[in-house]
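Naming follows writing order (A, B, C, D and E), and every chain is counted from residue 1.
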């Protein structure tokens, strides 16, 4: 299997504090790859480095074998790496349909055409509705996005991301702040849309991770601590100690609805 | 010894004069920075309040025979009080909105006040004499420095460093800084933020008035004295970094000096040089010299 | 449908106006209206507050004036020269300023505009504080003599209508859609592959060029160009017009421009009329207090009519509609509760 | 013969800005006095006065002028402050064949390159205000000069006019420094001037700039140390605001001083009763301009511009403010100017008792000779 | 035992939208109570209403017997309430330690937790004490937000989603912390999405829906209430 994204000795320092330290990741094509680790381990920083919202102090980032360490954010996006944000990122005063169209519009090549009518964009409606259908939002197409419930906004964000037809999706805590139903919906959604693409995600919710991830990298204090499948990682004593806590082995697998006992810890 | 064709002594004296002007910039931009920091308001009225300070000093002397030293305290107090009223009755309603609205409101206040003073006192300005204790000059060898100008530098440095200390190093300052970001939360911690905000505005404008009183013996006390200055002072605040106390002080003094040098080398440009510096600084440091990028 | 009727009405009024109201005054209003709309394109629809638009407005005026007077170019080329200079200054200023956000953007535009001010102050052709005087109006297409105010009026009306049409179209174009997206959530737009700086730059240049169109036209109408138009107070004035009228609305800047120009030009008359009517002498001094009255209006606007005149009227309607809807939904909710 | 059965004079002046103290409301008062003294009617028709604030904006002023001419049938536009306003209005007046009489604006281009057949420039200009002072100081030993010049056209023209006089008289100009308008602090420029060791520091600026420069020259003890500070354009209102303490001993050129003779004192007293200030030469000039205009209308028997202008040129100017003057072909009114020196505080016995008249500069010397005029109307 | 918090007939608005409809709840001295509910049910709004941070309020909120409605926000805090907001509210212009020291001590109240003890509980904070507040990672900020109010001596803590976005180990630490605080006699109102974090800690539960309390029960009744919860929350 080929490697889509590779980092080599990626390092980021903030004024003498090393947030990401010599991280070498390899993400396989078609995988859902999870990045976990205790708070402050450097996951978000890592994401910011990959999408060029931050500039690495040293190291290299390769996408499909090409070096993109110095490319600009918009350029990275056009090459097929699209990210979502830890807090939901939609265009609140555009309608749901328009949100998706913004994602579809760019390849049309008329984005600078200030002399054309916006009716030209209606040509994209069909494709946009298809994408909305994928995330169950068709009936909200004409709603102003700000009025959507939180979970739906996350779904919309994913639809917009899909509009870019990304090769690699980066999701930063996609289920954070969601109720249980939404968590399930979004998990299922990720699984669905990940077909034919690669997903790299940061997530604290172990039940989401255990369900869908093909491979997991564990970060701690900016450095890679362990890597492997869920089974491998969750039984790694170092990971247990650093991240999941002593009882993680039993908690993480537990599904909802069982009697709450000594269930401190993970969701 | 000469520097670029200017004798060293002349150079030194020009630097010193620059510092004097810088003192005014520092004090004015400090007030603006404090107000912007906590209230999120770009206080356009700052120039008008500076003018008001100077006028109060003049009125005190001419109508009530109250001397400079008393007005040095009384004028800032009165203007501060005026600020408190403005804050309570008007500015208060604008905090949640874009900066633009505060700017507009204070711009309106400026027009009103300048118009008012102009219609009463005309534009030519009034004369305010240097207080006796400070008249005369120091002969520094390379130049004659009027005692009064030396006093301006000393007074301004004292006020600026006092303010800096209060904001950066005391608990009250921590409240102020935190209140800047999230006033509601600070209030939920038990700090009386509305009062703090009001007093801060009062304090900020009092600084402007103080600068006005200090300026009265140096320049004509005229209704337009503030509007000539305000844009430059804005530039100072921006170069220093919006809301940065240290930035306002250091940049104020620094720009005074830069402007002073320009007056020697290319005097025509001396009113524009601040803006050139601003563009250069912002291109290199987007948030200003001392500003923190969000 | 309503909209069409409204547009027809406005157009009708605009065509009839010069026969009732003094045409030069109307032309001035039109030019400022276009200027404010151009400015609004930037702040209202892109979210960028420029404090340097005087440089485009006045700069274009100087360019047009110089082209017509010293170079003897025909009317059309004079205007074109103005627009070109404005667009060029816009490109220059924009490419430096666009990279900065918020208040820093505003301040950079102010600073660059001050530098241009310095340039116009020093440039020999601009005539210092005396300004560029006696700019000829020339002939439209070499035929229509524009020295008649009426003929000039219709030309200006056409120019301004054209400018407004460009703005409306820009707002409702694929490009406008991207601008909205950027205004709403810039990082997200970046992550979708938009080079936001280039979009903002185009918006900036467009706005500058249209402001230049307004400035060049104004110079030709009035026959001179002075430093007033490149001074920062002019940049401030256009902010005020836009805000008083209503940010981000189409009609707002037009209304705002009308109000401010009327205030500047007619306050004295109004004061005299009031003085005569009421016998209160004080009103007669209003003419000297344009500044104070303007100040007062801004205070009132900011405190009471924040959305601007047009925005406030719009909100009134909207609130009314919403209150109707709310009553209904509330009753629906209680119904649902009962059934549940 | 009188259009619309009324003679309308429109005053556009600065009522709210920088120049409002030297012209402004006082100009209106003086114009009213002139109309009253004329008997409020001419040729049996009423005289009406309209006033407007120029806001120092040429576009505001020109819109006003056009409207007055087109819709209110105003016959003559007067005062026209500041210069850019004057130039813009003169242009319109010429197009519409109306009179434009400039009083409060100083620039000498008004009766030079920019002169028009329907315009006149009353009382003073940058040349008359500066050249007299220049010559007088040269005569008194001030043969080396340094200028503090406002970086504007009028500042430069003041500097140039005086430079010509000084060099022609055998003096030297050691240098000049151009300062931006409204630079409230002049100490740096003053020190540069002082370093040049010039005997006279010429202030080629106006209003607040001059006042601040004078005051700071006093503060730095420059005036005391042998150098003479000479404002090249100054009004009594400026002296009043600077105060005698700093202004004392300065020489300046005035077109009018209230305390010249009984007639001027009587006239000024009436002015003072309304305005609570003594008139500046610009304000007094308005009285002269309006009076002369009305006389010309009466003499011509019409208010038609060309005829009135012809009469205005033919008849000498003669009233309490300008007892003996003529309106030249270039639109310049020439008359004697006064070289005055500001009194010491001790010498001043009453408020507004500010000047000693040192010299009378004859009309022929006070203004730029026609031969040097750049006005295209002057046939050479 | 006197009620530490007694809310009766509370209505609250944000602008024109009416969010809370007649909320009634009471918390006894030393109790840990959890507010459950779906997103948007109004739990955060309830806490904010207690602190006077919503728009208009109506009804009655008694804190240790003193009425909070009509009282300014800062004076409510002085009744001995510590509030940890959902969005954390870390100040970027303050260092970690300044953030920690920011909330003023409750006048006349019992002493709060000393700094050493706090650092011991959250070693991350100690390590990053000089760093700018918002430069901390999401989770570190959450710790800081909780730690901050422990120091003031407030005895009634309002904690909004404190386990959100935290690694399991830290969540465990927090759970232990709550148990400790409870033992020390603190009264705690928690809003939680994370049912399994809250369940073992709380003495009593309230369930909110559409701005109303729809269910309330004691911990002992938890087992029998599971089906209802399942239906209401999808737990």
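By our rule, contacts are C-beta pairs under 8 Å (C-beta built on N, C-alpha and C of every residue); 3 or more make two chains touch, one makes a residue touch a chain.
Bear in mind the structure is a predicted one, so any value in this text is a computation, not a measurement.
Undergrad: Going by the contact rule set out at the top, which chains touch both chain C and chain D?
TA: B
Undergrad: Name the chain whose C-alpha centroid is most distant from the C-alpha centroid of chain E.
TA: For chain E, the chain whose C-alpha mean is farthest off is D.
Undergrad: Just give me the whole-number Å value for how far the CA centre of chain A lies from that of chain B.
TA: Computed from C-alpha means, the inter-chain centre distance equals 49 Å.
Undergrad: Would you kindly tell me how far, in whole Å, the mean C-alpha position of chain E lies from that of chain D?
TA: The computed centroid separation for chain D versus chain E comes out at 76 Å.
Undergrad: How many angstrom between the C-alpha centroids of chain E and chain A?
TA: That pair's centroid distance is 30 Å.
Undergrad: Take the average of all CA coordinates in chain A, do the same for chain C, and state the distance between these two points in whole angstrom.
TA: So the centre of chain A lies 43 Å away from the centre of chain C.
Undergrad: Check each residue of chain C and list the ones that touch at least two other chains.
TA: 288-289, 291
Undergrad: Residue numbers in chain A touching 2 or more other chains?
TA: none
Undergrad: Multi-chain contacts in chain E: which residues touch at least two other chains?
TA: In chain E, no residue touches at least two other chains, as defined above.
Undergrad: What chain pairs are in touch here?
TA: Applying the touch rule to all chain pairs gives A-C, A-E, B-C, B-D, B-E, C-D.
Undergrad: Name, in rising order, each residue of chain A that touches chain C in their complex.
TA: 51, 53, 72-75, 77-78, 82-85, 89-94, 98, 101-103, 105-106, 108, 110-118, 120-121, 160, 164
Undergrad: For chain C, which residues are in contact with chain B within the complex?
TA: Residues 49, 96, 99-101, 103-104, 107-108, 110-112, 114-115, 117-118, 122, 232, 236, 239-240, 243, 285, 288-289, 291-292, 294-299, 301-303, 306.
Undergrad: Any idea which chain B residues touch chain E in the complex?
TA: Result: residues 171, 174-175, 177-178, 180-182, 184-194, 292, 294 of chain B touch chain E.
Undergrad: Going by the contact rule at the top, pick out the chain D residues touching chain C in the complex.
TA: Touching chain C from chain D are residues 15-16, 20, 25, 51-53, 55-60, 62-64, 66-67, 70-71, 82-84, 87-88, 91-92, 107, 109, 114, 151-154, 156.
Undergrad: Once bound in the complex, which stretches of chain E touch chain A?
TA: By the definition above, chain E touches chain A via 38-40, 124, 128, 131, 135-140, 142-143, 161, 164-172, 175-176, 193-197, 199-200, 222-223, 226, 230, 233-235.
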